[in-house]
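Per-chain numbering from 1; labels A, B, C and D assigned in written order.
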């Protein structure tokens, strides 16, 4: 299962094609639209931001709500495309009064993109290197999520820090799989704890007043995984490698860890490694999940737990020092009306990215043609594991 | 440029094939052997560990010390292979007294590997899922390093933490590129600071006494990179994604960050984004390097700085609780004579992995056939950038 | 440069996303529409077939007619989608009177597709496994063709056989690059010879009367290539391998050959290998082009010449014997109103496939970021070759 | 399952690494050596050619004769490496009297390779671009063949033409799967027909006298395949595309066709498409196999039948006209003592290439971790198909 996205931030629309999806999988547009809604954080509404909801249209690969096995086309219109149609026209000559963007914004792809692609207009870079693109990653990820759901796998996320406002937990790794979707999504910042939510919202409010932006951290959790996904035979087969590649493909992600992560670097081995246990009922398990669900590059069967760090948004109301590409003189970068913080949204994008990696691990293990054969292979595997543990 | 490794820990040898190397690149076996030596940490010698040095043999792809463009075969013999030749024979019947390994060790690939591959002997898993395999990653990475060196790029690493012994720096990101290879390699733990080295060695000594193992953190730095390597056009093109995949493909890595990394999540935007500057002499630059050398998924031209966290070694002299696969009863996992800490070695492996990603970014940007054409294309690019910044 | 296509034959539209296109490439929608027109053969008009022309819409990756480096979305609407909207609805319940397609047609993907994908309706297979999908291959290929045109490379095709009507040439390989586009496209069957065209049209007319379908052969030619594209270092780098994979990815292609192809199997070595020549003006060349422009898996600089064989269309007005999937009784497969012959169209699709392979060979050799750097690298290469030959 | 090969023709050895092989597969070195022997054609012996047999050494990925799931290293020594050790030294300075090869041989990679890789010695090209490399393709393919054999799939080949000596059959496609391995391997030219063998040997003898070389055609057949391998959903999934890429990756292959191939281009549709049949005992089948076992890019379950054309060897005892790279004057290319014809060997290489493609199609369909789970998934699939056909 692969996806590719296309589309500029102010172009007519964003498109994703998802290929390699098994035939016979039920797809629910409303479920995908709900994911899109989760990506558009509620606290923005109060800022008078666009409230027009993103909305997916599926135009191939699905018939009567079930996949055909052929590639799936998913499109999300850019609601304000019309007012950009002259500056972002795909064809025709530029409008006479077209203002090139010549002051690259620090923290953005602007400057390096302009150098790499030999252009003189930062817009030619940032229209694509924009968080807007992640809309169709969420949409594409919806297909992977439906596939995983069919196999009993749930992927969710929640926010654990915004700026210095941290959601402090006693035992974060053990707690992670237990949070309830409802508690997460009820929070305006997608944090399952009411007090921490309050704190984070306050922090956002302050930052907004100061024209600042904020980053944060979030956790992505996957439950219901069978053991043995991924592989140890070579580096690229390690699921850690694939999952980290997926998370770091999201703009503004600056750190990723699995389970205890950086904290494990300071501990003794006997405090880190998860003792192997066994019960007649559940077979093999672990006394703890410090590893975050991966051992030797493979799922252990315990919940997969990753934490990611996002830097503050580089689009800010306060201007940052830069250089005008035409004059080569100092000039402040354009200050935008902007979100203060995109961590709750980024976490939803991360769910999509993680879902793809996990879906592929299932397909490699259980075949990829159609749901019926995949169910059969998965059941046979579970049966074999049960036998091996009895 | 791609590599694949093969070989078991106690098999006859480890092999890597590196393909896609441009023709006309000078290769130096001694340089690669020096990297191998750096991977075999000095403090182990004092533990009475094997002092026999690993040693590479190159048997294809190189003629009179220069690459032909054809795949390069690099082999490292396992020095103790002979004494394992009965238990690890590639062919023939197992020795009668062959003891299967039936108590999977926590923190290792043992248990999940046995389930995944439907075997009843953990050795069939851990012979491959072993740090020994990283020997040939270093060897393969040596080819990438020679290529980068030709283009003015240097990749190095140093240790910043072992257990609770941390190398505390005032401004770690700005300091990182300044450390001297000699200072690093003179340290028994590959830390450029004498005091921190002392502290780390003490920590290792204590851990050894207690039968404990230790993890830590290390930094990988690349200098001399042109801006514009990688890409922002789609997620997988982002160099962050490729670099993280490479680092997380190394066993026991549990966290990776770029530049300020997790710390940036707690800061204000204006304290994170690197102001763009310009001088006649050097063209565009930045007032700081909080981003760690990457913006929009591309190199900025400033040093690339990554930090990785490694968990404590799962091979320990103290035993960990486990289950016997045959009896399904509780049993302590085998306790090995073992290294206490492999962080200094892992950092050398990480250099190799990073070198490959960077080498490929150069090849995609400047062509891949032969060194002569690559020099020409690189020079032309630098000339264009200089013109754009004047 | 990669493309992926999506879309069913009677769904709302077909979509292609082309990624990895260098920035700064001029794209011409009209040129792509002209390719689409070439794919809809003229002789069909006389059959009263749909005359509504296919038409591409580009909605991303291009601004003011130039590529941004970001993925390009190309869509072609299915003109008769409305009348299929109930039977091919992406969502909702099937119409009550929905007739499943239960008699698989020989020569189609129908039967095997139904088995592979565990479905009971051949339409779930043949809506995708349809020649209609090649519309967006042509559209995607248009991007590759514009890129190649900028570098002086022209890709074209012509028909050499329809059924037993063959275009007999004295020296087909030497003649191939000399045919004029106008002569080809003026022919209703895309054959540059008037007499052969006549013969082929007559053959089609007879076949139509008999309810038969016809296959044929066509040639794809690329001129203006530099020597040294592709590679000999490993099998998959050989351009022959990549080109054949591209041509055989087109439905109904049953044979492919390069240069003399199968004929060379019957000749003596001294009659096959192309003597190497040299002139001061043009440097190295060959006395003949029996190899069809490839030696050792690389372009020689002479025209690339491939011939492909297409089987007769499996959609026929005469019915073929089959089995009803529900009853398992013998039943004739549905007879369709159908084209008699699609060879002229398939040749246009083949141009697109070949163009992609060649474009990628250029990108690997000369870098991939933007046209400006690619021009520079190409010029430097030509200069080096000239120096080597002087 | 992937393989990569390394090694020069007169270097110390050739190496292949095969990765992605399921755990628990029995590997037989003798079987692989037997394939190597089949690649060294018997009729050469009479020419006084080297009779020293190639011989594989497996040094990783296999324990007690069974795969571990980890990459398999296969090495074949070059028996005459010693006498080349000065001219082909991997390191050190070239011998003083080293003669560069400066007259590129027509039909070889020599000239284009020298241009591509910016070298002045054709040996730097032809040491790799040599038929000798295919030795380790055969060896690597042996792993794929053992895997397929376990699943009931047999891949074999035979020669159908050498020069103008053709093995004329009444109904070649129907006959192909029926030939007996013994009859094929007993023939000095690997042709199952005694009379045709005689004719071919005579042709070789004549050619040798004249200093000529010969090409020919051969057929590759795979039996025992389940239906539904490959896919129709996108072009690259079509098995035709993958198989053709594999065959054309072999040096000197100039044409490939499936089933009737080029002949089908001249026939009416009703004479080409294979009527679908059904019996209670065997389920769905076909009245003929003109398609050569593939429909819609997927296996039909009937034998897979491909024919390939090989050009005459470019290494000839008669010299071909060329140009001296140093003087740019006309000069005859080096005439080698050489085989007259390598078609019987190339067919064995083709078996290996085809085996890899088929093995991968099985792995994608039935999972890839270990033989036990693959047997289970395959059995379940066969059961489902049987149910669908009852």
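As a working rule, a contact is a pair of C-beta atoms (placed from the backbone, for glycine too) under 8 Å apart; a residue touches a chain by one contact, two chains touch by 3 or more.
Remember, predicted model here, so these are calculated numbers, not experimental data.
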item: Each chain counted as touching chain C and chain D at once; value: A, B
item: A-B against A-C, pair bridged by the larger set of C-beta contacts; value: A-B
item: CA centroid of chain A to CA centroid of chain D, Å; value: 44
item: Euclidean distance of C-alpha centroids - chain A vs chain B, Å; value: 27
item: Chain A and chain C: spacing of chain centres that average the CA atoms, whole Å; value: 37
item: Residue list for chain A, restricted to those that touch at least two other chains; value: 4-5, 19, 69-71, 116, 118, 125, 128, 228, 231, 233-234, 369, 372-373, 384
item: Contact set on chain A toward chain C in their complex; value: 4-8, 11-15, 17, 19, 23-24, 29, 58-65, 68-73, 88-94, 116-119, 124-125, 127-128, 369-373
item: Contacting residues of chain A [partner chain B, same complex]; value: 4-5, 104, 106-113, 115-116, 118, 125, 128-129, 137, 161, 163-164, 207, 210, 212-217, 227-228, 231-236, 238, 240-251, 253-262, 264-270, 272-278, 284, 286-287, 291-292, 295-301, 309-314, 316, 318, 320-323, 325, 328, 330, 333, 353, 384-385, 388-390
item: Parts of chain B lying in touch with chain C, wherever the complex brings them together; value: 19-20, 69-71, 228, 231, 233-234, 364-369, 372-373, 376-377, 380-381, 384
